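Below you'll find the structures, each written out as structure tokens.
After this come two complexes, each holding subunit A, first together with subunit B and then together with subunit C.
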Partner chain A sequence: MSEMKTAAYICSGCGLGDKLDVAQLSRIAQKEGKMALVREHAFLCSEEGVQMIRDDIDREAVTHICIAACSRRAKTEAFHFPTVAMSRANLREGVIWVVAEGDQHDEVRQEMADDYLRMGCAEVKKMKLPQGNPAHADNRRILVVGGGISGLTAALESAEAGYEAVIVEREAQLGGWAARLWKRVPFRQPYAEPQDTGLSELAARVSSHPRIRVHLNSTIAETSGAPGRFSVQVAGPSGTITEQVGAIIQATGFDTYDLGKLPELGGGKLPNVTDQAGLEALARTANGTPIKRADGKSVQNVVFVQCAGQRDASGMHLPYCSGHCCATSVKQAMYFKDANPQVDTVVMYTDLRLPGMGEDFYRSAQRKGVTFTKGKVASVEAEGDGCAVSFRDLILDEDAVIAADLVVLATGQVPSAGVDLDAWNPIVTAAEGGSEEARQKKAEMQKISVLNLNYRQGPDIPQLKHGFSDSHFICFPYETRRTGIYAAGPVRRPMDMLQATEDATGAALKAIQAAENASLGRAAHPRSGDLSYPVARLEGCTQCKRCTVECPFGAIDEDEKRFPVFNESRCRRCGTCMGACPVRVISFENYSVDTVGMQIKAVDMPDEFSEKPRILILACENDAYPALDMAGLQRHLYSAFVRAIPVRCLGSVNTIWITDALNSGYDGVMMMGCKHGDDYQCHFVKGSELANYRMSKIDDTLKQLGLEPERVTTCEVAITDNARVARLINEYVEKITEIGMSPMKGFG
Partner chain B sequence: MSEHNQQAVTRYRNNFLQEVEERVEDGEWVKMCMQCGVCAGSCPLGNAWQHTPQKLFMMIRAGKREEVLTSDSMWMCTSCYNCIVRCPRKLPITHIMHGLANYAHRLNLVPKGQPTREVARLFWNSLAKTGRVNELKFSLALYFKDGFVQGIRNALAMQGVGFGLMKARRLNPMELFGGHKCKDPGSLHKMIAKAREIEDRKKGFAS
Partner chain C sequence: MTAPISTNQTILVVGGGISGMTAALEAAECGKQVILAERNTSLGGRTALLYRYFPKMCHPTCGLEINLRRLKNNRNLRVLTQTEVVSVTGQRGDYTVALKISPRYVNANCTACGECAKAVETEISNPYEYGLAKTRAAYLPHAMAYPQRYVLDPSIVSTADGEKARAACKYDAIELGMQPETVELKVGTVVWATGWKPYDAAKIQPYGYDRFDNVVTSLEFERLADPHGPTGGKLLRPSDGKEARNIAFIQCAGSRDENHLRHCSRICCMASLKQTQYAREAYGEEGKSTVYYIDIRSIDRLEDFYLRVQQDPTVKFIKSKVASIKLDEASGDLILHGVDTEGYHRYAAQHDLVVLAVGMEPESNGIALPADIVTDSSGFIEGAADGGQFAAGAASSPLDVNRSVQSATAAALHAIQVVHQTAAAEGA
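Up next is the complex of A and B:
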């Protein structure tokens, strides 16, 4: 872009003209905002208003516009000018809807609007029109790792949508665990009988599909690249093949919990104690006839022990519920009852959980005479040629024993997500430090890696809890913390076949989206379609590695000299690197230390004796800023002393903004972000956590400035906190009023 | 142990649930209980019972035949139908309670002197004989169920009520001699005998 020509458009519709002095706003845009062109309009988002802006862009060669009207989240279709840089001064949701009515508030209301306009003008002048990721590539094939029900579904769905798919399967045949089942839990009406798995048909469809390529007996030796240009080394029986793909779906499923870890329940000790997978094998052998034990004896009574090594509070076993095992035991009890109704089948449970339509299945089993006993099993011992199950009956509150020819333990799912990066990273550091032991440990760990990513941040996708892959559980479950790589099935959370099928379909669509976005040089979710990308001024870089370590998505590698190497296609555009950079060399074309910094400085600061404090709000654009908008929509009033700036993520907040704000006389800074911790809501996973961590260190800075620690506060705001956010603001303003005005005014 | 009881024990061995299913009125529902405990929580007299319906069902599944059939609990049901209304699995719990009580009664396993059973028995005997419940005879039988001396005491305690009823012409002392009956008690006896025969066959009491 050659010459910058700026323009400001001030709308007086939606009551803005009644509540605000529009003429004064125009003067400010001209004199203080230094806008080349300033226009007022009574209805800016109307066809006529929009046309006026378009005409200016076409005829007056306007390149940077500031629209002073409603929130940036409103009227996005009308105010869509992809050829110019644009800022929005939020006068409607941000000012007239939240400042109290009445003449006595006219002054503060107008001041607030004036400031937002100043900020909008300051921001746009620092913005550039994003040009799109220059390093994009347009491979749109989908690689699916794992050929179980999830993998097969994901590959088939991708192929049916018109995309080529490649499956890499470790075993000699497709199907995974699902192929080892005799029958599956019903997923169609009337949800009463075990159903055929349909796996052989599914595998056959996949194998013969013209757009699907299958590598059996194969693993991944190395994955490099980024969305749109992943290069994957597939090690198979006939050597290593390189597959070029655009996106990856990891559907590596689970392993069963080791029976040997449950000796008190006879696991690994007694021949007639098996797990659910073992029973499926017996059922397949029986092939519809009454199931016999491994020693050939027919089974007259069988006990299913639920939650074996699961939901364990002691820390010895799996702490979680695997979700499918109740339904699986019900199904397996039916194997016995259907072949011979005289067989005694007891399901021993503490809480029976059959999600979905499982209640119907449960009832069906009760009708068939499967006995359900609420009890906690204490031990399984050998007795005669069978077992004795000792348990506490939780209804009758007494200890009891039942005899069983066969005991089936419902053990849980253990995810196969690969290397745990939290354990990996310290070992890598130690290995780099020269420890031979660590080097061996590293090689040992690498053996279980699924993807063997050559990323600086480690060979697999990050995990959150219990070894399951990390993803935003509520908003985008299939996303992992490696852009363009999606997790589907039990690798993500414990689940049954039906859920895995749905999961795989969802992940396939996300993978397609990622490949498509990458081919256009745009960001993936949640800033889907964003053309900006991080640019680093490497001559200023001190190789501190903070950006490479803190990037939640592993987008940044390092070169030999330890300078960051940005992989724009892997970037989600959260700006966490920008917030992390102590020398502020990282920026985006339309979002930088300057675009926000100039807004902070543009605010007109009243003097110490005015009794008008100024409080800066840095609000996450995903949840907190919409919550503020909705507070306005619902007319939850809040103080006119605050000035809110949306940020891409709290992780992108550079501490320089805070120090700048305090230096220039702000009386307080509120940072509003998403919930962090294990149950995080942060759309960029680590952003709000990092922000919180960084702000915990800001107390020293405040002390140096001679300021109270309360002058900077961080709060968690959910998108639904509309009334709460107004309350939070008012409480904070009250607190700041109590503390008194900042002594820093007038120095900035 | 009665002959029928002996026969049932031999026939079902440990499978009391199956016995209940086949021989107790509405017993086939017991297996559908999901042990949520709403019945136990809903029963207005739940605190007074030794075993709540939930526990009785669990005991049936656990094969506690003796304990269930000699229990006092199902006799305590007042048929308020709270449990039936609330049961999420739609079990006819009240009816099952009566079914269990009836089965225990037939096997003669009921605790000695269980008052509900005594009242029911007197009521039924009076009704089955004439087709009408003779209130005077029924009341007197109740007074004297615990012996002659206690009967006199009960009667004296209630004499004011009795005279009051007589004065109001709600009680006819002549009912003590024969009393009124339905048109054809003989046919009624045949009907009852037939019904009993059918039930005995169905419930395994036919010898």
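Up next is the complex of A and C:
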């Protein structure tokens, strides 16, 4: 960009002109903000006001603007000037809507507005218009790991949208578990009968598709790179080849829970106890005729034991519900009934789970005469040449025994997610520390890796819970912690075929989107479209590795000298690395230690006798800042002594901001972030937790400065805390007033 | 207004709840041109009216904020509110859609300063509170409303109040003469994300929703629990404002019943489990909940949440379809009659509030869909026969938020396939 030319625009609409001395604001923008142009307008977001700004940009070559009006969350259509750097001084939601009415508050209200304007001017002068990463890459091919129903669907749906897809399948043929099914649960009305799986048609379409390449008997030896430029070593029967792709879908599915772990139910012990997969094999052999046992004997009565080794609170088996097994047992009971209605089929359950239209399938089974018994199975023993199933009948509230020629245990799905990074990282640390045992264990673990990522933070995508690679976010089910790599199907969450198909289609969209975003050098969710990216001045770097360890998305690798290597298209632009860096060499063009630091310094600091404390608020832009805004909208009043700055995430808060603030005479600092812990709500995963951790160490700094520990506080603020956030502020200001003014004033 | 520019490579998304917003954003962030048409005055749909989500007990508005920020930053996406689809004609890759846009009586000049609301006196039933509260007839739908623009209720437009609102606005934002408009758009594909509505609880006669003030729906209960709702987040029962400390949750209210909804609505078990925790949040050990259920359907890792609630001593589970509800006139309490099928014990249980876990019915039931749209026996949309229109989220099946977003993301790809194939056919 050519020479910087600054301008400030001060709106006097929405009551700003009545409550504030706009002329004084203009003087401040000119004299203190050093803005080249300063203009006032009575209705800045009007067409005319916007045109005035646009004219300045076009005719006066203005490059940096500060809009002093409403919140950055308001009037975004009007104040859209993509060719210039822009800051927003929030005088409406942040000042006149939250400071009490009345002349007696005029002075503090005006001071607050003056400061926000100073801050807006200071910020914009340190901002650069993000230009996008010039080093971006534009490979848009999609790699799909796994050739089961999820993987086939993901590849086909990508190809049908015009993208090339590559499937890597470990086995000698496509199809995964679905290929072993006799029929599938119906996915269309009338939801009454088991249906053909449709797998052979799907596999044939994939195999003959001009935009899909399939590698069978193949695994991934190494994955390196980033969205738009992944380089994947595919190890196959004829050696290793390299596939260049833009994004990755991991559809590696599941294994069935080991029957041998259920000896009390006869699993692995009795010949006539099988699992649902075993029953499918028998059904395929029978091919529509009455199903026979492995020993060739016909089956007259069969018992399906639901939740076998699942929904287990004891800690011995799977704690979760695999979701599909109720419908699968209903389907398998129909295999028997359809071939011979005389066969007794009993489904033994505690909660029958066939959501949605599954209810029609359940009714269909009832019509076919399948018996459903609410009971908890205690044991399965051999009896005669069959089995005796002992259970607690939960309806009759008594113990009972039922005989069965065959028992089918509805066991759960165990995800094939690769290496659990929570277990991996301590072992890597121990191995690097020289432990031979750890080195061996690491090599052992590496064998089960799916992706073999050469990332600093480990070879697979992080798992969320129970070994599944799920997203933590309800609104954003595809957000894995590795940009451009999406999990699909039962590796993400237990699911049935219908859901896996839909899930794979969604994952294909996300993969395509990641590749498209990478090709334009812009960020993926949640800062979608952001063109800024982190830049490090490596000459100042001390190789401390904090950024490479703390990045929630594993975006930063290390070179042989242990300097950080940034992979921009893996980066989500949260700024956690910037917050982590002790020597402050990491910054974004439009968000840096300086853009915030200069705002902190721009505040006019009253002397200690003024009895006007100054409290700095650093507020997460996702939740706390909107809550502050809405506090304004709903007129929850709060103290005029606070100065709030939105941050991308509390994880991006560098402690220098806190020490600078305290050194320059602020009386207190409030950090407002999202909930952390197991149910964390931080959209950058670890940001608020890291901030909390970093702040736990700020006590030393406070001690050195001779300040009370209460002068820095961290609080969890949810987006709905409109009223609470005002209360929090007022209580904190009261507390600071009690403690007294900072002794640091005048030294800053 | 002037109709937005569109071509047969434009994607129309109908419905601006979480599914519609997701489908629109995911497609727009792939570089596609998208028009999002919402019938109501602001985006967010039913999820914006929920207090918390299961199982994290986080707030739906948190995700809404992120989606709104994505939307504000994306110039590929245009939003039309108060807009309904009148007709869709044509074929895959080449549809003509007629949209009816109802007047808001407030134009884009609105700064949300709130002066019009101060000026008017008329109060209307707040459309965002299921009728549990009133609002001024010039109103901002809610604190997170997008567009952040006031609305004038049609009832005051030609009254003195309408004139007062107009006079109070310094920005010429109020246009009392605004008329309904019909615009025609060219689009390549349509995603129906029209969502769901609660089954009409009054039809379940033995439960007396239409007779007893203290029988409420699960959706109304969300509003009672929400600090921004009509009671400021206090669980106060409607009849007398007494704190509800002994709450009954009745599962499958309308669902899994061939006389009402034949399907299982999937979300209601988890919703009630979540709502038992609202009672605990409000009253600690004193907030008692009883869940009357057939099967508890907490699928996949949602089972963790069920386990947690089972361990909560304030929550009791009774396997029973409640037979009838009677009012105890003296206390205003309700007596639930039925049989606990685990051991066959009859009960007559007294509760001070009853929450019906009402089933999900397609919102599109009762609305004329284009002729070639295929629906299932409950009215959920499967798509268009020609493969050019798709359903997303709860319009397609009773789904929770997470699965709705999955479904909407998949629908976005199907829509992109259509416009890419159209583009390829045109050599563009």
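What we mean here is this: the second predicted complex is superposed on the first by the 674 of 748 C-alpha atoms of A that agree within 3 Å, B and C clash if a C-alpha of one lies under 4 Å from a C-alpha of the other, contacts with A are read in each partner's own complex, and residues count from 1 in each chain.
What we mean here is this: a contact is a pair of C-beta atoms (placed from the backbone, for glycine too) under 8 Å apart; a residue touches a chain by one contact, two chains touch by 3 or more.
Note that the structure is predicted; figures quoted are calculated from it, not measured.
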Based on the superposition on subunit A, does the combination of subunit B and subunit C result in a clash or a fit?
clash
Contacts of A:R367 with subunit B and subunit C, given as first, second, both or neither
first
In the overlaid three-chain picture, which partner chain does A:F336 touch, first (subunit B) or second (subunit C), both, or neither?
neither
Based on the superposed arrangement, let me know which partner A:F79 touches: subunit B (first), subunit C (second), both, or neither?
neither
As a test of reading the superposition: which chain, subunit B or subunit C, is in touch with more residues of subunit A?
C
Taking the superposition as given, does A:L352 touch the first partner, subunit B, the second, subunit C, both, or neither?
both
Examine A:I395 and indicate which partner it touches, taking first as subunit B and second as subunit C; both and neither are also allowed.
both
For A:F230, is the partner it touches subunit B (first), subunit C (second), both, or none of the two (neither)?
neither
Overlap of the subunit B and subunit C footprints on subunit A, residue-wise?
352, 374, 395-396
Inside the complex, what are the residues of subunit A that reach subunit B?
352, 362-363, 366-367, 369, 371-374, 393, 395-396, 400
Within their complex, state which residues of subunit B touch subunit A.
17, 31-32, 34-35, 54-55, 58-59, 61-62, 89
So in the complex, the part of subunit A that touches subunit C is made up of which residues?
13-15, 43, 45-46, 70, 73-77, 157, 160-162, 188-190, 311, 313, 319-323, 349, 351-360, 374, 394-397, 465-466, 468, 470, 472-478, 493-495, 499, 502-503, 505-510, 512-513, 516-517, 525-526, 528-529, 622-623, 626, 630, 633-634, 674-675, 679, 681, 683, 718-720, 722-724
Touch list for subunit C against partner subunit A, complex:
18, 25-26, 29-31, 51, 53, 56-67, 69-70, 72-74, 108-109, 111-113, 140, 143-144, 148, 170-171, 226-228, 256, 262-266, 295-304, 307, 319, 341-344, 376-378, 380, 382, 397-399, 401-403, 405-410, 412-414, 416-417, 420-421, 424
